[in-house]
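Below: a set of structures, written as structure tokens.
Below are two complexes that have subunit A in common, paired first with subunit B and then with subunit C.
And then the complex of A and B:
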């Protein structure tokens, strides 16, 4: 998530409301993971696979969009053209990897787009508009704010650990887990303290109604997205 | 102890849920290899129990672990797991809450028991393989993953495995809790962080 008050408007061609992003995310994940590839569900899958690509392009993430298309294309090609010629364990492993990619990558990319294009402030505003209680919306936004930090911390810890040649993940799995987890937990405790100090200075605990600078609202594109995802849900459940 | 529920607590919930979720997810990735999938209910709580124990040591108020359960349920649901996961997550959260409350949020024994009970939410993730969900689920993945994968999965998951998984969750959670308690004692008590 961006740390600024509002996500950068000038960069995006399409601006979606966080609520419609969440709805789209749910529709895409459910259809991609649960659906079959034949008939009407096959058509739905193609639409669902195309949406994240378009949205990624709309926020100028050309690299991510290309990687996404390449991954999906390779996996589909392997699934349809290569896998039928293999048997036994080889077939299981190949189908599994391809199946995983075709099923999860669209939802993952959509999730990445949602996180990338929504600022914390916009997200909290949207949650308030949905009358989501603060004991759900605050932990969720902290969680999503913390995921990227977690991966950064992990990278640094891993570097420090490798520099000292400690705990190879395969040779000494227990040491590996301990040497990664303990520093991660330490930094988690520290970051939790820092964030609560920050929230104190922002007056989150003061109570009363909070106001928002950033504008969110349901525009024409959002209506299209919402109607689209509901139609997809209905089609998916009926057929 | 009897202070009000604060924003600080909500932030603790968010940060530790994120850590727990990531550790859980990292270990669960091994589960896509068919035979290992049967053992994920043992492995995941075992590793994730370590951060969970640190989280338990930070809990001072009623409701925090239920929120964690609910959050995990919501995220799992949004990324495409079937609806029973919500019930499992919230249920496991509530049960854990009660256990921790009995220990007044301080007893280590209750924390270990809580870690075992909380890992039961994991059953919501594997329930698709069992009972009335079984046939529909396998039918839906047959053309995505291929017949051979489905056959392999089917042979690994007869109904009794579900009950074995309950036990695996509890055992994994207990061992994870004990490991966590040990790690806390070794690294965090000295530093005054737990």
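And then the complex of A and C:
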């Protein structure tokens, strides 16, 4: 997830609204995981596999796009050309790995694109535009900043532990976990408290409507993406 | 006009009142300081104004708090937020977003201000506080000082009439405090009311109108700026109020000890990943001395500590002691960092276990000596988390000394301490300093350096800029570093 206010739009030549990204992500994952390879579903799968590649190229992630294509290509090749020549256990394992890759990698790449191309602010704005209730949107938005803070805490507790030579991770795993978790929980509670106090003092939970510094909106490309996803869904369900 | 009438407050679960019979009036445009020793109730006063008491911190509250005739108690928090802006103590835990620009806009978004207006106000804030270079950055890249400036900016953008500051300088270095001073001056010129709870006061000299001194939740005295100026050292020690004029601090460090041991750093460098963050060609340190490690934020002081103590995984070069090479493991065995956040270093469920690390073969003589030396006798069975901050710090030192750690590193042990407790820490360091231990203290606290340190290690740009004893020449140098006009 980008820590900028708005994701860097000058770099991207296809700009999608976070909401259409989520819809595409859903469509691609369902079709790739649940679909068969024959008939109309086979065509849908090819389209679904191509979309993440196109989108990755659009945000200039050439390396990721190449890796994606290579991975998918190798898996398909193995499935069709290599697997028939293997037998027994070897065949099962090969089919399993290839199956997993061909079914999951497109969804994974689409997810990666969504995260990579959306800033936290855009994501939160989108959630609120979707009328996501505040008891969901507020914890999620705090989460984005909470985890990095927590990992900073973890690092310093771990350093403190090493200086005391307490609990070896392999020899005494339980003690190790205890010595990390107890202080971590202590600081978790404190951080959560201070974070809530700070955001309440800036008027969060105000009765009125919140506005957003970050502008998101449905453009022509979004309409194409939304209609496309819905059509694919319908085709997938009907056939 | 802000008015508090007959306010009493008791946190739920506590037996003693945290605020007792508080009565006061603050005129618009005034800058009022609340001071007193830790736990005196000055943070509770700030919480009373910003509505955290009783909305967030629950308890029994009586009396009235009003602003221009409007009662604040029971006013919803978002309404209070339009009049009162708060900057908190800890820069790490007061951000809602992950980006500086979003953070400055956050309060305005909550108020429902239109997007164009938000953008205009954010840009204006950046210009007036001179922080354009910090805009649209990830919060996690910023130093503590920069974060605190963003916290100021996010309140500034909301344009409240009253600024509430809860120990804003506690975690800041000298340069960052100078920036805060500038911002406060600007606020004062704009006629804003400023209410501060704070220990360090030297940076408030030109802003402050009066100070209210609290003890056990009561306002017991009022000081004018000239009263504060004329305070004697004994009064500072008794009241815990820090110096308004740093140049009046006298040097009380530099005690004669037998400096027998010595250690050297030779072409010593420390890495995070592949990047080198520290490089010291040559340095020599002696036992029995307390070294103040100074430098600006990001200069490499913490890196120095973690590389020297062996916590850092990748280091190059040598640490030599009496012709022995101390490798990383040996340094980790002999070294100990007393961190700023003491809660991270307490693992056991009793003070005794904490000190002996749960070992069964206890050396009773050494233990009882240590306990009485560090004023911990009688606390053996207490849970470390129930102790006060100072006691926790002493337990950590005791555990380091009990396991014969000889390289003791302190990371800002006096940040957020009043004068009285700061002097206590400096006496403690003097008492554990002997001809077997090396003591290094990373600090931004001038008063503390003068009260106990013997020498200065000045780190800059990941290297050793200079190293000097605190003799007459050294004292001049340290004053220059802190930009203090000589007497």
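Simple rule for what comes next: the second predicted complex is superposed on the first by the 167 of 239 C-alpha atoms of A that agree within 3 Å, B and C clash if a C-alpha of one lies under 4 Å from a C-alpha of the other, contacts with A are read in each partner's own complex, and residues count from 1 in each chain.
We take it that a contact is a pair of C-beta atoms (placed from the backbone, for glycine too) under 8 Å apart; a residue touches a chain by one contact, two chains touch by 3 or more.
Because the structure is predicted, anything quoted here is derived from the model rather than measured.
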After superposition on the shared chain, which partner residues are touched by A:214: those of subunit B (first), subunit C (second), both, or neither? second
With both complexes overlaid on chain A, does A:159 touch subunit B (first), subunit C (second), both or neither? second
So in the superposed three-chain picture, is A:96 touching just subunit B, just subunit C, both, or none of them (first/second/both/neither)? first
Between subunit B (first) and subunit C (second), which does A:179 come into contact with in this model arrangement: first, second, both, or neither? second
So, A:191: does it touch subunit B (first), subunit C (second), both, or neither? both
Touch check for A:121: first (subunit B), second (subunit C), both, or neither? second
Would you check which partner chain A:201 touches, where first means subunit B only, second means subunit C only, and both and neither mean what they say? second
Under the stated touch criterion, which partner chain does A:141 make contact with: subunit B (first), subunit C (second), both, or neither? both
If you lay the two complexes on top of each other, which residues of subunit A touch subunit B in one and subunit C in the other? 141-142, 144-145, 182, 186, 191, 195-196, 199-200, 204-205
Per the contact definition, I'd like the list of subunit A residues that touch subunit B in the complex. 22, 25-26, 29-30, 32-38, 83, 87-88, 91-92, 95-96, 99-100, 102-103, 107, 111, 134-136, 138-147, 150, 177-178, 181-182, 184-186, 188-189, 191-192, 195-196, 199-200, 204-205
Can you list the subunit C residues touching subunit A in their complex? 50-52, 55-56, 76-78, 80-82, 84-86, 88, 90, 92-99, 101-102, 105-115, 118-119, 122, 136-140, 154-155, 158, 306, 309, 311, 332-333, 335-337, 339, 341, 343-347, 357, 385, 399, 403
For the complex, which residues does subunit A have touching subunit C? 1, 3-5, 119-121, 141-142, 144-145, 148-149, 152-153, 156-157, 159-166, 179, 182-183, 186-187, 190-191, 194-215
Tell me, which parts of subunit B touch subunit A in their complex? 5-8, 10-19, 21-23, 32-34, 47, 50-51, 54, 58, 63, 67-68, 70-71, 74, 78-82, 140-146, 148-149, 152, 183, 187-188, 191, 193
